[in-house]
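The two complexes that follow have chain A in common; it is paired with chain B in the first and with chain C in the second.
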Partner chain A sequence: MSDLRLRLAQNRGLIGAILMFALLYGLYSVLHPRGGSGPLLVQNANESFALVLAAMAQTLPVLTGGLDLSVGPLMTLVNCLASQVLNGGPADLALGIALCLGAGLLGGFVNGCLVVYGRVQPIVATLASGAVFTGIALLLRPTPGGEIDKDLSFGLTYDLAELAATFGLFDDGKAPWFAPFAGLPTPVLLVVAIVVLVWLPFRASVTGRGCYAVGSSEGAAYMSGIAVDRSRLAAYMLAGLFAATAGLYLALQTGSGNADAPQAAAYTLNSIAAVVIGGTSLFGGSGGVVGSIFGALVLRAISFNFRVFDPGSWLGALADPLLQPFVEGLVLLLAVSLGAARVLRVRNRLHLFG
Partner chain B sequence: MLGRHVARAAVVAAALAWAGSAAAGPKVVSGPGEDPKCFKPWDQKTGYLQWTARKPPFRVALVNGFVGNTWRIQMVQTAKAFAEDPSVKPLIKDFRVVSTGTDAAAQLGAIEDFINQGFDAIITIAVSPTGFDRVIRAANRSDVVLVPFDNVLDTKDVMQVNEDQLEMGRIHGRWILEQAGKSGTILEVRGLPGNSVDRDRHLGFREVLEAPGNSYKIVEVVGNWDDGTAQKAVADALSVHGKFDGMFVQGGTTGAVRALIDAGHPMIPVSGEAENGFRKLIAEKNIKGLSVGQSPGLVAIAMKAALSALQGKVMPQLVSVPIPMESYKTLAAGKNYWPELGDNFFTGNAFPDCGVNLSATEIMAQTKEDKK
Partner chain C sequence: MTSIAPPLLGLSAVSKRYGGVHALRGVDLEGRAGSIHAVLGENGAGKSTLMKIVAGVVRPDEGQIRIDGRPVAFASPKDAAAQGIACIFQELSLVPDLSIADNISITNPPRRFGLIDRRAQRRRAEELLARVGCEDIHPLSLVKDLPLSRRQMVEIAKALGRDPRILILDEGTSALTGGDVERIYAIVRRLRDEGVLLLYISHRMNEIRDLADRCSVFRNGAHVETFDTDARSDDEIVRMMVGRDIHTVFPPKRAEARAGAPVLEVRGLTWAERLRDVSFALHPGEIVGLGGLEGQGQRELLLALFGVLRGVEGEVLVDGVPRRISGPGQAKSTPIGMALIPEDRKTEGLMLPMSVADNVTAASLSRLRRGPFIDAEAERRSVERMVERLRIKVDDVRRPVSTLSGGNQQKVVIAKWLLNEPRIVLMNDPTRGIDVGTKQEIYQLLRDLADAGAAVLLFSTDYAELIGCCDRVLMLYEGRVVRVLEGGEIDEMNLVAGAFDLSLAAPPAAAGAADGGRAHVDGARSDAARVDARGSHV
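Entry: the complex of A and B
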C-alpha cells in the first residue's frame, strides 16, 4: 500500500499530464463528429508524432540538469537530409534511414562533447550548435522540396493495415487474426516501440540511472563513482537520436524537406513546454520520457479543440482565431502551474524528490 | 530475396488500389470557366477543374499558418467579414478559422481534421510550398475543395488563388517609366531575400526598366517589407547617393517615404505597396505615387472561388486575381485610404470585378464585435 502511494507521489507529474490529456482529448472526441474513429486517430497521431519525439529528445538533457536548444534545428537538419536520401531501392532506403539516425546521433555527440569536454553551459552550447544545424539544413535544401519514397511514406504514416499492405505482411493485412489490430495508427506503435526498446532499457542501465544521478546532484554522483561524463554524453546522443526520428518522420509525413528556421524554433520551445507539463523537473534529476510524451499530447490536444468548438457557443469565443495563441498560452501556464503547485505545500524541498 | 520481390509486388498492388480509391475529387475539364473576369486563369496553359455540384449551405474552414503581423490579422478579419456578407451568408452554414503557427505538421493535421469533420471546403495559406500531397489526396478522396492562396503550392492538383507577382513588378516599373522619364537614378527597395514573391516582383520591375531605350542607374537596397528596415535602408542610400529620380518599394513604403521626408529630399515619383500610411503620405505630401498591393482581401476571392467550385462551376486551376491599385489621381479619403486610421493597415481590399467590396470600415466593425 505504501509502495503504491510512494509510486503515485513519485509520478505525480506524469499522472497530471495523463489526466489533462484525457480531459482535453476527451472533450475533442466528444465534440468531433467522427470522434474516436480510425482515420481521426491516425490523423491526430501523425500530427503529434514529431512533437512527441522532440519532447522525448528534450527530456534527456533536462534530466541531467541541462537544456537542449538544438532539438528543433537538429530535427530540421535530419528532415532535409531525409529528403535527399530517402529514395531508391530497399537497400538505399535502409541506408538512408541509417544515415538520418546516424546524423542525429552525431549531432547529439557534438552537443555532448561541447558540454562535457568543452565545459560550455548546455544552453549556450546548444544555441550555437543549433544555429550550425540550421545552416547545414539550409545548405542541404536551400528551397523546400525533395523526393521521398512514397511506399515508405504511406506504410509508416497510416494504420497497421496500410503498413501490412505496403510491406506484404500477414496476407497484405487481410489475415483474419490481424483484423482487430488493423486500425491501430502506426505512429502510436512506433512511439510505444521506441519507449519499450530504447527508453526503458536505457533507464534501467547504469548509464541511464547515471543521468538521473547527475541531474540530482552532480557532486554526489561523482563521489558515488558514477561515470558522470559518460552519462551526460549518452543523454545528449540519445536526444540526438530522438530528434532525428522526429525529423525523419516529418519528412515521411510531408514527403519533402524544408529548412524552416521558425518551425525549428517552435519545436524547440514546444518540446521544453511538453517536458515541463510532463512533470520532468527543469533542475534535473526527476521525471522521464513517458511524462513528456503526454506533455506533448496535451499541447497538441489544446489546439485540436480549437477546430471543434462551435463558433456560436462560449467555447467558440475562446477559439476566436486572434485569441487562439492567448488561450493556448493560458492553458499552458495553467498546466505548468499545476505541476509546480505542490512546491507550495512541502515543508522541506527534499520531499520533492521523495 | 524472394520475400523482397513479393513485397515490391504488394507495394505496386497497394499503389494501384490507392489510385483507384482516389478517383473522387475534381475532374479535369476544358474551359472557359465561371466568371472569367473575377476568376481569371493564370495563363493560356492553365487547366480547368470541376467538382460535383452540391447544395448549399456549406461548411467552410480557413486554416491559417502564422498569425502575428498586420497583414495576417487583416486577412482573418476580412475572411470573417466576408462570411457575414449578405451575398455569401446564405451559402455558408458554418465558418471556422484556426491559426496553426509555423508548424507544417500542425497545419497538415488541421486540414485533415476539417476533412474528417466533413467540411465542404478548406481555404489555406500554406506554410511550405511542398509537403501537401497527403492532404490533397485526403481532400480528393472525400471530395473536399482545398484552396491554397497567397503562399501557393508547387502543384497542379488543387485550385489555387494568387496575384501575379511578376505582373505586379511590371506595373511598378511602368509607373516609374511614366512618371520619371526614360533615364535617371532609381532606388529599388527589395523585400525579404530568398522569397519567391521578392524575386518575381524584382524581375518584373527590371524587365520594364531595363527594356531597350531606357537608360537608368538602379540602386538596390533591401527593406525586408518592413517599415523600420526600409526607412533605414533608404536613409543610408540617400546619404551615399544624394539624389534619386524615382523610388520603387516592395513593402514598408511608409518607412521608405519617411526617410525621404527626413532627409529633406524633394518628393519624387514613388511606386509602393498598399499600406494606409503610404497613401496618407501621398495625399499629404503631393507625391506622384502609385500604390499596388498583395491584398489581405485575397482570402475573400479564395472563399468565393471555393463556393463557386462547390456549386459545380468550372474553375481555372490557378486563378490570377486582379491586382488592386490606386494612384495619386484616384485616391479618395474614406474610400481607398483612411486618414483617421493607423499606418499599418492594408488598403487594397476591394475587387470590383469579383463583386467583393469589403471596405476598411466593415473590417473595423468586425474587430469591434470581437472585443465584446
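Entry: the complex of A and C
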C-alpha cells in the first residue's frame, strides 16, 4: 500500500508522460477514420521508432548530469553506414548489423573518453564529435541513396505476421496460437525487447546504479567508493548503441542512406525534449529510459493529431499545421514546470543555484 | 602501549600542507581495537584533515599509516573501505536521488546473476535500519525526501553495513535529536565491545565524557597529548587546546564604550533547527564577533540577516524599524545598507572569469549608471579609488580576478562592498587562507570602517582574530547564543570553553583570582602552551 504510493510518487514524470500520450493518441484515434486499425498502428509505430530510440539514447548522458548533442549525427552516420553494408547473404547481413551497432558503441566510447578523460564539458565534447560524425556520414554517402536488403527491411518494419513470413517462423506466421500477436507492429516488439534485454539489466547493474549516483551527487558517489568514471563512460557507450539502433532502423525504413544534417539536428533537439517530457531531470540523477520512450511518443502523437484535425470541427482553430511547434513548445513547458516545482520548497536561496 | 600486538591503527610523522599552511605536522597517533577514541581541538586544529587521511580522501605529504602494524597507502576512499574503514562525515555521502536501500548498499549491493538483487537489498536495508532503531524509515523512499536528522541515521546504517573495523564519526551526531543520540550511543558502545576502533570528533564535551575511552587533543595541526578520558579535567583539556601561534598585530580597539541607538537589532531569530532564538544588538562603531566551532549556526545567522534564507522567524530591526529583508538586493540598498563578505570567495564572493573592475563594481552598478547605461568614466574612477584604498596588487584592472592571489581576491570582494558604502558589514571568516600581511591590512580596514561609523559583525574561525579585533563576542553553540564575552573577557580560555559550552570551574591561571590583568596573563599562557606542544611530540 505504502509501497505503491511511494512508487507512484517517485515516478510522477513517467506517469504524467504516459497519461499525456494516452490522451493525445486517444484523441487521434477517435478523430482518424481508421483509428486503431492495424495498418495505422504499424505506420505510426514506424514513424515513432527512430525518435523513441534517439530519446532512449539521450536519457543516459542526461542521467549522469550531461547532455549528448551527437545523438542525431551518430544516427545519421550509422544510417549511411547501413546503406553501404546491409546487403548480401544472411552472413553478410549479420556482419553488417554488427558493424553498424559497433560503430555506435565506438562513437559513444569516443564521447565518453572526451568527457571522462579529456574533462571536456559534455555539451562541447558532443557538439564537436557530432560535427565529426556528420562529416564521416557525408564521406560515406555524399548523395542520398544506397541499397538495403528488401526482405530485412520489410520484415522488420511491418507487423509480426510479416516478420514471421519473411523469416519463415511459426509456419510463416500462420500458426493458430500466433494469430493474436500477428497484428502487433514489429517496432513495438523491438522497443520492448531492447528495454527488457538491455535497459532493465543495465539499470540493475552496479554500473547503471553508478550513472544515477554520478548525476545526483558526484561528490557523494565518489565518497561512497563508486567507480565514477566507468559509469559515465558506460552511459555514453550505451547512448551510442541506442543511437546506432535508431540509425539502423531509419535505413531499413527508408531503404537508403542520407547524410542529412538538418534532420540530425532535429532528432537531437527532439530527443532532449522527449527526455524532459518523460520526467528525467536535466540536472541528472532521476528519471529513466521508459519515461523518455513515452516522451518521444507524446511528441509524435502531437504531430499525428495535426493531420486529422478537421477545420470545420470544434478543434478547427488548431487545424493549422503551422501551430504544431507552438503546441509542442507548450507541452514541453508544462513538463518542465512540473519538474521545477521543487524550487518552492528550497529554504536557502543559495541552493537554487547549486 | 604495553600490548604485544600492534595497535589497529597507527600513524607516524604524518604531515599535510595546503599551500603554505600546515594542516597537520608530524602527527603520531595510535588507536586500539575495541576503544572509542575522541579527537578534540579548536577550529583549524587539523581534526578533519586527519580523519580524511585515515579515510583515504586526502593523501598525506609525508608519514606512514599502519593497520595492524602493516603500512598501507590509500589512493581513494575505496581503498580505505577495503581495509575496513568506514566513515560518517559532516557533509553526508548519501546520493540524494537514490532510495535508502540503494544508498545503504551502494558500493557492494547483493547480486543475483550479476545484477543487483533488489529484494535482498531491501531486506538488508530493513535489517540495518532496524539496528539503528529507524524501522519507521521506508527503505524505498528517496534520500532527498528525508529530513537531515533521518539522513544522518541512514548514513550510520550505511556505515554499519560495511562491517567496519575502524569507524570514523566526524560530528556524526551533530544533526541528531534526543532519542536518536541515545541509540547511537548504544550502537557505538556495542561496536566497541565487538572490537571496533571508533574515531570520534564532537563538539559536545559531555558526549565525549560519556563515551570516549581515550582522547587526543590537537592544536595547530600538531598532536598535543593522548590520555584516558577520566585522567584530565575539562579545564586541563581546554588549556591543551589553546595556544595558537599569534604573530599578528591588531589595531588598537576603541576606548569608549558603544554609544547611541543600535543600527541593527535582532530579536528571537530562528531558522530550521540551525538558529534558535538568537537576539543581539549591533551599534555604530563597534565590531562584534561570532565565536564557536564551525557549523554552530554562524553562517546561517549571516545569511538570514542578508535575506538569503526563507522561513526565518523572529524580528530584525534596522535603525529601530522592523524590516523583512527579502534578499541581497534589498539588503544592500538604502535605507538598510548591508554588506556580506561571504565564506567562499570563489563561489559566492567573485565572478572568477570576470575582470577585477567588473567585480569591484558588481554590487554598486545602480550608483554608477547614467540612464540605462553604466557610466564608464564613473566606473573607472571608482575602481581606481578602491584599488588604491585597499592596495590591491594588480597591474591592470581588466585582468580576470581569477589571476590574483588569494589575499588580493579577498580584497576585491571587500572592495566590492565598500564601494557601496555599507553601514552594516557582515563578514564570514574573511581572512581564511590569506597571508599574514593581507590579514593585517584587513584588520586595520575593519577598525577604520568601525571608526567611520559602520557596525561590523565578524565570524572568524581564528580566535586570535576575535581577541584582537572584537569589542564583543557572541558565542554560538548549536544555533544558540550561549554566552557574550565583553572587553577583557575575550581571551583564549573563554573562547575555547565557550565553543564547547563549558563553564570553567576556576579562573584559568593561578594568579587569575584578580579581576584585572587578564590580557597580560594571556600572552604568558600562550607561550607556556607552545612549550607544551613542542615537548609532547618529541
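In the analysis below, the second predicted complex is superposed on the first by the 333 of 354 C-alpha atoms of A that agree within 3 Å, B and C clash if a C-alpha of one lies under 4 Å from a C-alpha of the other, contacts with A are read in each partner's own complex, and residues count from 1 in each chain.
Just so it is clear, a contact is a pair of C-beta atoms (placed from the backbone, for glycine too) under 8 Å apart; a residue touches a chain by one contact, two chains touch by 3 or more.
These numbers come from a predicted model, not from an experiment.
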| item | value |
| --- | --- |
| Room on chain A for both chain B and chain C (clash or fit) | fit |
| First, second, both or neither for A:S217, with chain B first and chain C second | second |
| Which of chain B and chain C A:R209 touches, first, second, both or neither | second |
| Which of chain B and chain C A:S337 touches, first, second, both or neither | neither |
| Partner chain in contact with A:Q324 - chain B first, chain C second, else both or neither | first |
| Broader residue contact with chain A after superposition on the shared chain, chain B or chain C | B |
| First, second, both or neither for A:F167, with chain B first and chain C second | first |
| Which of chain B and chain C A:S256 touches, first, second, both or neither | first |
| Touching partner for A:Q10 - first (chain B), second (chain C), both, neither | second |
| Smallest separation of CA atoms, chain C relative to chain B, angstrom | 32 |
| Those residues of chain A which chain B touches in one complex and chain C touches in the other | none |
| Of chain A, residues touching chain B in the complex | 32-34, 37, 39-40, 43-44, 46-51, 90, 144-146, 150-151, 154, 157, 162, 165-168, 172, 250, 253-256, 258, 260, 262-263, 266-267, 300, 303-304, 306-308, 311, 319-322, 324-325 |
| Complex interface listing, chain B residues touching chain A | 3-4, 6-11, 13-15, 17-18, 61-62, 64, 66-68, 73, 76, 80, 94-106, 108-110, 112-114, 116-118, 127-134, 154, 370 |
| In the complex with chain C, residue positions of chain A that touch it | 2-3, 6-7, 10, 201, 204-206, 209, 212-213, 215-217, 219-226, 281, 285-286, 346-350 |
| Of chain C, residues touching chain A in the complex | 57, 76-78, 81, 89, 91-98, 102-103, 106-107, 109, 111, 114-116, 118, 138, 140-142, 271-272, 303, 308-311, 327, 348 |
